């Protein structure tokens, strides 16, 4: 390491510190402290394989991973004794896992997903060579159910695989699992699969009073939740959950090709499961619930503040921490890390956001509009 | 965190400390110190997207990632101005990337890989729905070139995608790229693709005197190298490298589906690229070369020591740090973390291994055989 | 045979004797006497092959089979000189035969069947790899013709294969062949195939005054009738009937693969055709007609008796021997062998049922409701 | 029943009595007495569904079926705790079941079967829409292993489903499972399926001193044995056996379509399972072994007798009860029920055959040759 290298690292640290409170457009809780776990970064640990199956490589944290995954399974109302899961490298791997299970169960199945779905899903479907149809979205970001119904009707001869957003990246829209199932029933489609991408809202809905239907109890067959979003984590990670009897079926089919497990990544971090475990212990259900209430409260505040400044802000519903507004002037992006798309922008009310940050943002926004 | 939780973490740390020197069967350098980078774990950083394309999310380490990837590209003799790459979550993602590029270029291509190939590759091929044929291996773990030639001859109507091991998991065998290209030429197969899985040896061969043909200069079209193996890293990671004009073609095709980049993972760790960058700076080419020599010296020592104890140990060739021996008695696995498969076992001479560890292992091995 | 084995057989006989009058939920006439044919069970007879084509294996009853099948063809108004058939192992084989003929004639045809169709049909379609769509049912168990029409409209590019229930397992619903043909005509769909599953009603409708359209004369291209249901037989059996020119076309295509006949089973019982022949001779058209009247009379009685006890019983129409009622309490199943499904139960008024049995059942039903 | 009908039945009985000892070309033991079970033909019994899963229809013999199937599983060395089976309507259904399981496991699999395979198999493959290739036979009726090897080599990209004859219809040839597996291993084909059609020899090989490799222990994944062949039964029946974990996988996939079981026939005879149970009890292992020895002794006698009359008779091997000879003059078929094909004829030395019958046949054969 040269002094120049050292200087660059210091500069990076300074830049990160400065950007943190202004990164309001990204759905990541940035307030956490995993320092007590840093000592485990001295080792070349690895959680390769199925966390529930034991491993020859003993520098693993499979026990902690199991406990963390179990807790997420509880939040997602996974069927008692018929679920399986693991800690992934992030939301993409969780969605890939769900869509992989679906495609193996229904080799000629057709995937349906809304326009508002994150672009990585189309990438996965291309990678996996799975037939798919993009469904129109409603202006609020939800699936257009009429389009879904008509499109399903046309393809009733192949099993549908529904990819549902819980909620969508841009507007936090939650696709209505009850409505989706009603359509499937109406069309007498018995064979189907529902994957729920619960990246952000998967950690919010278990803790609100009136959650939308979103999880296994409401018809999902697999679920992907991000670990670094609502809970916060310096390393991207996620949780993939699926019904055990479906996973078992895949497991037997990959056995033929000599595979020992169904996880997508081979070597897997032993640190992120430990972080998830630690974070869940640290917060507890009570702590998460408080955090959810605080974030929702801030979202209400942000909508009001923006609206009183004449900016047409809105939320998809009362359970959403995503505050949507018309695309702001480009100049606003010099200071604020936001991610506008087409005609809209948004902010996500996760820590370290607070009322002061919102006030400052709205003030800058108003000024930019006038300029 | 309860005192009980604290106790469990302490116990985990103690167990890891104890296991480290005995984890001799896994190809991971366990001697490193990334403590100077721990402060970056305070942030919710993310390297999502193409490291060479810029990102809206400014808490990234793309600049460091580019520099690290560039260095690996140099080691792999990537074609000047025609390479691209990124830091992955590990070897699986790197292999998936190479096979994905290959399949997009040759949609009806056939993948060939040897029996000795890691099982994750068959899993990837299943996930990607790519046609494939497993080729016999020679007893030393290399591809059986006669079988490859005969099988290619039968399928000359579809472009071959050769998956080459540099080197294999169990015996460190390096598939001979020169031989493979000779066969392709003999059969007048013009359209083909070669992906090289250089998990471990990709960091050894650039630093030995007489490397086998293994990289872009020898015919590889894409390469996967593990970051946590030879260099060592507490978080599994790897480097995916491919020819830029091929990646550009894919980029155009995923654009159609609305995708903005071709990386497989969406959210990507900003920490592992920083660690790779740091490690390369810390060691420098000179340091890596010394490390390679030290490991190869230890491998020579281990073979001799085992043989003089009457155990038929061998290495695939003089560039291999994998020491192969007959499958040891199960009792040996109580103390030593090794990973025997079928009739063989192996040890990998990476730090913190030293002569004393080898002596102790050979002594335990001999005793177990007598018991 | 040990005395214990003997005891077990005696016990089985006693159990069967006791259960017979209480097995009211299954559509099988249990009153018959085939004792005069038992002597043929001394031989290893076999009706393998086409009953109309002659066989090398001379211990067959092909002559009797032809006569029996001919009589069923007459009942089903099969086109003079253009029908063919054989005695199968039961209804499944008859449906499989019809759907096989249909798929061979229309290799890319799409099968349509109602929600109320027996589950074995979906199993056959999966076995045969035939594309299919499940159509909604009306509450009475018939096809929802609106859904059928809309679904056909969408798939007008592939020939429809309609699977019609004559009548359905649970409610005895008879899909309306006239209506189905009207829809096909309305949509100008010239190429189509209709298979009628006449398991139970195929022996009732030829003998009632106002039969629904159900057979070859009304558009069916193939028909499956069960032998052990209305007529009664100790061994499950059925009759497969199809248009000869269609069967001939298949015969020519299986000749290519070296097959000598188109029957699905190879070795076929020589006893069940003999039993069918015997039963038809014994009853005669007159006897069957009387039996039909008696059963329909009992069905009227059962509906009235149940209704007067306050139980909302109904029949699909006046030709049905299936008496439907709300799902009874589980306790009723201790004594009575019934087969409730979802919200309904039913009884079938076939021998040895009589008014006394009905009275006893209604009395038990009422008591169970009060408990 | 008219007196004419009665006369026809009497005539049939007389013809059957006369033909029985002369039906020497068919592989059916014709000596049995099931009279003690005739009383069960008074009932409308039915074994519908999975014999191991229980049934709502209580007039079944599932318990006896389980015991019979278990005994066959033992003979076929089915893997402890990982087998499943049921009594079918004959060999065709057993083969259909095995090929169905195979196709569901390997949807794009390719079936390989020898020229000497019974024509019903090609019919099944057509019905099931499964890709297949007919392999040449050796003159003795076994698979031509060179052709198998070369054909497999060409199609290494799709999982092979090998249909093995144990033994073949015409010459009693037993395809060598050890050889087949060796070829698969040589070609590094990991994913494969072997179905063994053990129609006749499946009841012989468990009782000889040096059986060829033929069952689960030797690599079979499913097995079909005929009940009416070696054991003898007036009603065609058979036993389908498969590995339970494979059946479970199918079971889950048919669940989607609302199916409750994986048996191919819906209504299934309750009588044939009872007969199989009775026959196994009556004979016991000891009795079957004696019967096997008697039949093999007669086969030796028949070969010698024919050869000493100048007729080039042979058996496939010492475990075969099929005696092959050059196609006899057509005139011989007036008296003897034999089934010549192309250039050969055969007789099967099952009861009631004895030395006197053989002597008479050889004498007639010689006379016919001279005529």
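As written, the chain order gives the labels A, B, C and D, with residue 1 at the start of each chain.
By our rule, a contact is a pair of C-beta atoms (placed from the backbone, for glycine too) under 8 Å apart; a residue touches a chain by one contact, two chains touch by 3 or more.
Nothing here was measured: the structure is a model prediction, and the numbers come from that model.
For the pair subunit A and subunit C, the CA-based superposition corresponds to a rotation of 105 degrees in steps of 5. Using CA-based centroids throughout, the chain positioned farthest away from subunit C is B.
If you average the CA atoms of subunit A and of subunit C, the two centres end up 52 Å from each other. As a whole-number value, the distance joining the C-alpha centres of subunit B and subunit C reads 62 Å. In terms of their C-alpha centroids, the spacing between subunit A and subunit D amounts to 56 Å. Centre to centre, using the average C-alpha position, subunit A and subunit B are separated by 29 Å.
The set of subunit B residues touching two or more other chains comprises 122.
If touching chains are joined by edges, the resulting network of the protein chains shown has some other shape, matching none of path, cycle, star or complete graph.
Contacts between chains, counted with the stated touch criterion, involve the pairs A-B, A-C, A-D, B-D, C-D.
Subunit B contributes residues 1-2, 5, 9, 12-13, 15-17, 19-20, 23, 25-26, 28-30, 32-46, 56-59, 61, 64, 89-93, 96, 100, 118-120, 122-123, 125-130, 226, 228, 232-236, 253-254, 257-260, 262, 264-269, 271, 274, 278, 281-282, 337, 339 to its touches with subunit A in the complex. Those residues of subunit A that touch subunit C in the complex are listed here as 153-154, 156-157, 186-190.
The part of subunit A that touches subunit D in the complex is made up of residues 105, 107, 159, 190-191, 245-246, 249, 252-253, 256-258.
Of all residues in subunit C, those touching subunit A in their complex are 110, 115, 131-137, 147, 150-151, 154-155.
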